[in-house]
């Protein structure tokens, strides 16, 4: 009996365990010092966790992995472009960008949520395509409309041709302003206390949110839409709200992420962010329909540890630096694929059992 | 019930807008340029002191001999600067603190310290810093990204 | 009364599709005014059509069997890339290298297709998302393989290291333009890649007649009415696997045809970008998530490639802004989005 439990325990956590093994193999091979690794991990956890936390609420509402979080990232970038153009520096600049991103995020989130309601049953692929579609709109706005239609004050952030934003927007004057405000140094590891306080505040918010009426509604919708509807919950509205909240949080997350980086790669910062956040969440042992705050933290640590050590370890093993690079990309995609297959297979099986007495296969 | 939630929402929006305005006010960043140069005040030429050290937020940002220019940054509408002035070589050091209102519309503000110290009219010692129009556009600066950006994989 | 007729037509045709058509017609009308040479434009369009049409055709079998849009196209493309590189590695040249490339690609395509099809049978209803990521995983896995596999042909590997394939491999002396130049018609600035178009026509005809056979109709039945299909004793899983194998094989052939027109093999991350244009092309042509015909393929490829080739020239000379890239992104993804959010074709999985 006890043996059986252990097996199930391990099976449920197969992905994190696999990652722990990969990391354990790669860390000694990479030859990085412990303090370097700790520093890197702390920085990356502070930088990425907020973004990953934004994925939790749609999962709770049964809408799967929100590939549309990229929309929030784009809203955050647009807000930062403004705050940088108006020369609002330091923490006020970050706060301003956050507030400016809210209306854009709400708008995009509402659009995304509505479209997802129209494509029930294939939310994920739809949110994935939405992120590409809105990326097109984003480029239209940033590359062509900023300048002639949307006023941009400073020539320095415009392309030399006079309209459109440069490939890079410097955030030098709000670079790491939040990370450095209260930071302590423990054994050579710089810990950005304020960033962690913000992340913990968001965790508390999520815990509190799940206990509110809306949070309970979302959980009900996630478990069974028909039952929720019968119980008088406005299912469509609840689902749209979950996406809006996620988009707004993703916008905040992106702003925190970029203030750490110190500049915006205008046309590429957001493009991969959804994929990496989702991969990190899944590495932490989350699945498409179940994810917790614990998954986020475990995931962000393991995933980024793998990301740091894999290229070097790959070089040591094969003598080719590119192998490790490709390896970590493969692992990121592989993890998502695995999670999706497991989720869909489970769903398919359940459905078959419900249909009853089905005897193909 | 519905009215109440509408009221809350309106208050929230107004509150956020108010925070926005406050942030725009207190967050305006300027680059400050300190000129330790002689200037004409009320028709009289006042010489620059032998050496002036400029402190911003307790940190020394410039150590200026007569005729030098130093720079720093300041976030907010009023800059607090501390000066340590040595009038003549080997002479006594004098510490003075100043609060300088910065014009919102200037990105770069040039402050003539001599004017500031001798209480010249505001407009005479504050001017806008206009960067020299370089003929060639600066080279696109290096983008700092972590792996997430640099892979540049298959995005349509 | 008549207006109602037009409205109905637009509704049936689909609003976005109609807008795209109008846009393209406008581009063609504007082209001569802005000084674009029409024959050159048509040549461009025909060329690009001949490169891409087979990749779009690869969508058809899976849509028919109800597996949805084949976002896993890169999987088949990899089979084609393997075929092409092996053929060159073994030293075949000219037309023979193309034939051998197809021959070598076929077993890979069948094996990949079988595995992929079996996987998709376990996840009915969630094919599209899984397909996307299966494609991505396969591409990134192959990135490592291109470096590690024992290729030695000096035309393909990095010169100074003597191992690891290059990112782009020139096909000169191999199968560069073997189909396009076959029976090529040239009138002034206009040239028609007859061979490539004929090859596409041949494949389309085979596909068309296959869909008329007993297995073909069974495939359509599985896609459109799985309950009925099961009742009439069709082995649904087997038919679906077959459709996936066909899609994968066509994708493999499709990429070889693309390469012969383009003149280069592109490895590593290149296949990543290939699924979405093909998907949106067939949707623009009038297909939906579970319905597609050969006509959809032809119309869709022409419209899509028309926009891709015409916008840069016309836009550039009109407003001196190259917005073509942005327009392409918005049009192609908008079209996919439109198809995904249509309610009509929701429940079809077994």
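When the chains are written out, they are named A, B and C in that same order, and each has its own residue count from 1.
Just so it is clear, a residue touches a chain if its C-beta (ideal position, glycine included) is under 8 Å from a C-beta of that chain, and two chains touch if they have at least 3 such contacts.
Fair warning: this is a prediction, and the values are worked out from it, not measured in the lab.
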| item | value |
| --- | --- |
| Higher-contact pair (C-beta pairs counted), A-C versus A-B | A-C |
| Chain nearest the overall C-alpha centroid of the shown protein atoms | A |
| Centre-of-Cα separation between chain C and chain B, whole angstrom | 57 |
| Cα-centroid distance, chain A relative to chain C, in whole angstrom | 31 |
| Whole-Å gap between the CA centroids of chain A and chain B | 36 |
| Chain A residues counted as touching two or more neighbouring chains | 132, 135, 329 |
| For chain C, residues contacting two or more additional chains | 136, 140, 276, 329, 333 |
| Multi-partner residues of chain B (at least 2 other chains) | 152-153, 156 |
| Touching residues on chain A, where the partner in the complex is chain B | 44, 47, 86-93, 95-96, 99-100, 102, 132, 135, 154, 160, 166-168, 170, 173, 261-263, 265, 268-269, 271-273, 276, 307, 325, 328-329 |
| List of chain A residues in touch with chain C within their complex | 115, 118-122, 124-126, 128-130, 132-133, 135-137, 139-140, 143-144, 318, 320, 322-323, 326-327, 329-330, 332-334, 336-337, 340-341, 343-345, 347-348, 351, 360-361 |
| Chain B to chain A touching residues, read off their complex | 16, 19-20, 22-24, 26-30, 73, 75, 107, 137, 140-141, 143-149, 151-153, 155-156 |
| Complex interface listing, chain C residues touching chain A | 71, 119, 121-126, 128-130, 132-134, 136-137, 140-141, 143-144, 147-148, 164, 230, 235-237, 276, 321, 323, 325-326, 329-330, 333-334, 336-337, 340-341, 343, 346-347, 350 |
